[in-house]
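Take a look at the structures below.
In what follows, chain A forms one complex with chain B and a second complex with chain C.
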Partner chain A sequence: MENNYTLEITDVFKHYTQRIKGKNRFRSVKKTVKAVDGISFELKSGEIMGIIGESGCGKSTLAKLLTNLEQPTGGKILFNGVSSEEMLKNDRLQYKRMIQMVFQNPFDTFDPRNNIDKIIDETLKLHSIGKTRDERASITQDAMEKVGLTPVDDYLHRFPHELSGGQLQRISILRAMLLRPKFLVADEPVSMLDVSVRAEIIKMLQEQVRNLNTALVFISHDINTTRYISDKIVVMYLGRIVESGITDSVLHNPAHPYTKTLISNCASIDILEKSNPIKIEGEPPTPIDNGPGCYFAPRCYMSKDKCFKEYPEKTEIEQGHFASCHFINRDNLN
Partner chain B sequence: MKLLSIKNESVVYRSKTKNVLAVNNVSFDIDKQDSVGIVGESGSGKSTLALALLKLLPKNADVTGEVLFEDKDLLKLSTDEFNDLRWKEISIVFQKSMNSLSPIHRIGSQMADIYTIHDGSADSDEVKGKIINLLEMVNLPTRVYTMYPHELSGGMMQRVSIALSLMHNPKLIIMDEATTALDVITQGQILNEIAELEKKLKIARIMISHDMSVVANTCRKIAVMYAGYLVEFGLVEDVILNPKHPYTKGLLKSFPPLKGEKGELRSIPGYLPDLSIPHEGCIFKDRCPQKENICLYTAPKTHIVENGRKVMCNFAGGDC
Partner chain C sequence: MARYLRKRVLTGILVILVSLIINFSLIHLAPGNPINLLAGKDNPSQEMIDTLTKKYGLDKPIYVQFIHYIKTLLKGDLGYSIMSNEPVGKLILEKVGPTLLLALTSIILALVIGTALGILAARKRGSKFDIVMNGLSYLFDSTPNFWLGLMLILIFASKLKVFPTAGMVDLRTQSEGIAKVIDILWHLVLPLTTVTLIQIPYYFRIARSSVIQTMSEDFITTFRAAGMKENRIFNKYVFKNAILPTVTVFGINLAYVISGVAIIEIVFAWPGMGRLMMTAISKRDYPLLMGIYLLLSVSIAVCMIVVDVVYAIIDPRIRYD
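Our next item is the complex of A and B:
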């Protein structure tokens, strides 16, 4: 039972309203920004899912929705069949223990006035793990030794500003994992770090998640790193999933033009291989008044009339690999 | 034809309690229309090296050595003489252009200001024409001229910064992490544009980045820095395909590939040494996977291998 948790998201929306200057200069017009626009996926324990996309495509909003830092406008987030609202009503702490988050900037994650000892101890105390201070201290000690932050005493008495980004990020992951969450959301956990320490953090994250059979949602705009860590991958554009599937199946055999563009623009270290980046215009627009056609159509290099009229259906390409594009079934176009 | 030649440049930051040796005896040359990428982790002295070329370092930094730019020693020029050179011959693009643009002036007037500082004789219509030209060159719509920085996206602001740096047709552009803060697609677009502009305007470029892939794709030569030392220098093909210094090897291994096997991702264990303490032997010895006794006591010399390639390692003399 404990090993088979599932996270199920069905049709989750998050809309923000924004006031924009209208034609009448004394009157503003209400506009809806569709940050997350109908997302559904399923995640089983032990799986690692990567979410990629440009900035402004709703990756981080989705992360906030999962961890209940923002309430969804519509749709359901189910943990093993129980909705997040219900769980929050019953036991707030239990919900928080079940889903944890690792943020992008480790320097902003911690209270700068507390030392590492206090930071970890407080979390444990809040969730009543370990009855006495000594017991909690030994839990901390064990956990820190396991991830190689030794000598532990050396770290415990330091303050966040005295540690490097890589060390702090490890403590951030460790703190989240101490609660043995069923789900972990990592929002760009390595993008602030140096390339030389990135590998270490990713390996640690992977190890921790594997040991506890936790499901991980790994959000990043770095495709190379996401490929390395994830089993499944989801490509988002303007609040919608445009392609999803097994990591290598999506990255080696992309079906959606947006995925193709992302991959072709990804700088490779292999200089022998001549890359031919697909050029697309501009940057993703703010998701106001999209559609009715495909959201990507205005920037797409192969858009046709139909793309502007109808949003493409989700189509299965091979097992477990879905994409939403009119071009997958060529007959659809005529 | 040499454009810039750096000889034994060292930079020391002095403070009351300690002196930090941020750049240590670095020498390399840049030809006309050449492109050199400097890589290394944070704190390895990449930016200090570049800022020292432009004399942008704070007062407590001592720069020694020689920097010859078209046979003038930049470090010996007076401030006035240097101001003639700055921006007209050498310009720089910073990482966070949103911080280098003034938030309360329109893009056009900011750019015009900078233009007239270096060329006072130009009349305003001429300057406007020139700036609109520049904006078009970096693929920005002309309406940007009357916009404020907050109305632009990160990629557009970075383009404005690049347009600024191209204003007086410089011979050398320094890009200090110019595309690091951008998205994959925008980064790809801007890197392509830079490469094209470079060909058209015949500019040499120094590109500072901690991302190996960016340098590998856009530069002709690569300089790898570690703790203030230039540990490896050479043509991109040579260095990437056949790295000789263990640090370069480590950096390349910590970069996950997009295609092929998911090999083991390896990071470089340990941290940068404290640069305020004098050290013995090789600077990389604490983190090096292939160190031997000789590394503990003998500081490696810079070996010159083929094609003007330099490697600073005790084992680079052919027996590695």
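Our next item is the complex of A and C:
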């Protein structure tokens, strides 16, 4: 079987309705929160795509949409040209198996009342991997030995609270990869862990997806880590993609002021390197009534009147490198 | 497990001992004494009072009385009631049955109904059912139990005449066998409803909130992401995790009901320990009171041990050592 899969996201929306106190204090007003507001990208087997952005920009909602933990309000998610709805209707488990997820907090990812052996067995059983309990146990043991979780028995018969965050996250990755998914979504997989074990987890994640030619969506707010791991990068702001492209191209030659701001605020290990962090004020607003203009305009250091009036078109800067800003061309001339 | 159990039992014995000391001193510190009541109001002679005091050993210092009480207790003797001169053990045994019938049935009913309603409300969070049940739970939680009892009597016994107003059996028809059981059950309805309704809110709220909390846990999301069906997730994982706080509340509530049911017994003239306790208090019947309190503290200690053990069985995070 050809191990070549494409995940195609076209114009995906996720809107929530929220009741907010209006001017009249006794009546609440229904407002639409645009958590994900029209996102499109493509991902092929073996690729690693990083998604960066501040908290509240819709990264995690996007992850939930991909893994069908939430249903999109609009837009299409296509796997090799087949829509997610159709796949879910035909075989829900197959869909779930094809796209797996690694969660942010490894301490909460596992049922506290079961040991690791039971937790992994339950998942394998659900997807009918291995016919007998023994067969499943040997599959688990092999996989654990391969990633260096040895002696295996030490881990299998422990309860989640008896293991460290790093160990749990490795088991979490393993549990997802045992289903041999075509796509893996990792939502901030190392942000809860000690810095000392982060590299190990990233390395394991890389090895695992490389072995199975699985495509990885790596969600993070840490530019350095994302740069290290990913081939492509997507920068999100308030539910929209503001810039996307090959990692090096985006990070060395950022076109969108938001990307520039993020990069300029990123700590470098080189103390001699001159850094002039661009100041960005306030927190990202809640995505309600963003107005007709560019969503980033209120916080942008180079916003002009035009920015508040119309949303900038997606422009190609170099091959495969896109950004949505009114001042891209002029900026490039400088 | 044996070690864990032994530790629990030792703690239980300690609790009983401490409560014995507190009960004994509190009873004796309370104003009034049984001798004055026993001697009557018609100017009893000092000689008579002294004789009576000596007869019941009340002239000795309180710690000597306590040591004496413990000594006889260790022989399995609860002493004699000052008022009726009958053995305390016999008096309590006569009354303990109806109390247990009322308390235990209500505890089990409230646990089952309250938890079931709580789970339903949590799964339909924000629905009309949830909102109404929440409101009702606060209403019944803030209702004094005796008032609720009186209202039930007023409506169902006095006005509608569906259920009897008081007692445990109909005194006019001395029924036997099955007829007697039905008669008792008929009398049980109103007091049981009262005690159950008062307890349901505890179980409702704890079940509702812990189910809601568990359902939003990350590991439940993990199962969803793995493709497990919602019902299976609930039955296999949410329920077992969400039931843990209910076990704790059950233990606390058990203790509360066993002693708190006394008021309801008085409202419904239920021939249980409640009335025995009230008479013993008003007559300062020291040995009888000590006997009743001892029974209460023993049953509460036993409940606590059982709850601890059950908790350790269903939650592997609790170590046995």
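Couple of notes before you dig in:
FYI, the second predicted complex is superposed on the first by the 328 of 334 C-alpha atoms of A that agree within 3 Å, B and C clash if a C-alpha of one lies under 4 Å from a C-alpha of the other, contacts with A are read in each partner's own complex, and residues count from 1 in each chain.
The rule we apply is simple: a contact is a pair of C-beta atoms (placed from the backbone, for glycine too) under 8 Å apart; a residue touches a chain by one contact, two chains touch by 3 or more.
Computed from a prediction, not measured in an experiment: that's the story for all the values here.
Once the complexes are laid over each other on chain A, chain B and chain C both fit without any clash. In the superposed model, A:198 makes contact with chain B only, not with chain C. In the superposition on chain A, A:55 makes contact with chain B only, not with chain C.
In the superposition on chain A, contact of A:266 is made with chain B only, not with chain C.
More residues of chain A are in touch with B than with the other of chain B and chain C. In the superposition on chain A, A:251 makes contact with chain B only, not with chain C.
In the superposition on chain A, no contact is made by A:42 with either chain B or chain C. The superposition of the two structures on chain A yields an angle of 70 degrees at the Cα centre of chain A, opening toward chain B and chain C, reported in steps of 10.
Between chain B and chain C in the chain A overlay, the least Cα distance found is 12 Å.
Within chain A, no residue touches chain B in one complex and chain C in the other.
Chain B contributes residues 41-42, 153-156, 183-189, 191-192, 210-214, 216-217, 236-237, 240-241, 250-259, 262, 265-269, 271 to its touches with chain A in the complex. The touching residues of chain C, when paired with chain A in their complex, are 217-219, 221-222, 224-228, 237, 240-241, 314-317. Here chain A touches chain B in the complex through residues 54-55, 164, 194-200, 202-203, 221-225, 227-228, 251-252, 261-263, 265-273, 275, 277, 279-280, 283, going by the rule given at the top.
In the complex of the two chains, the chain A residues touching chain C come out as 67, 69, 92-93, 95-97, 100-101, 103, 105, 108-113, 115, 123, 126-127, 159, 161, 172, 179.
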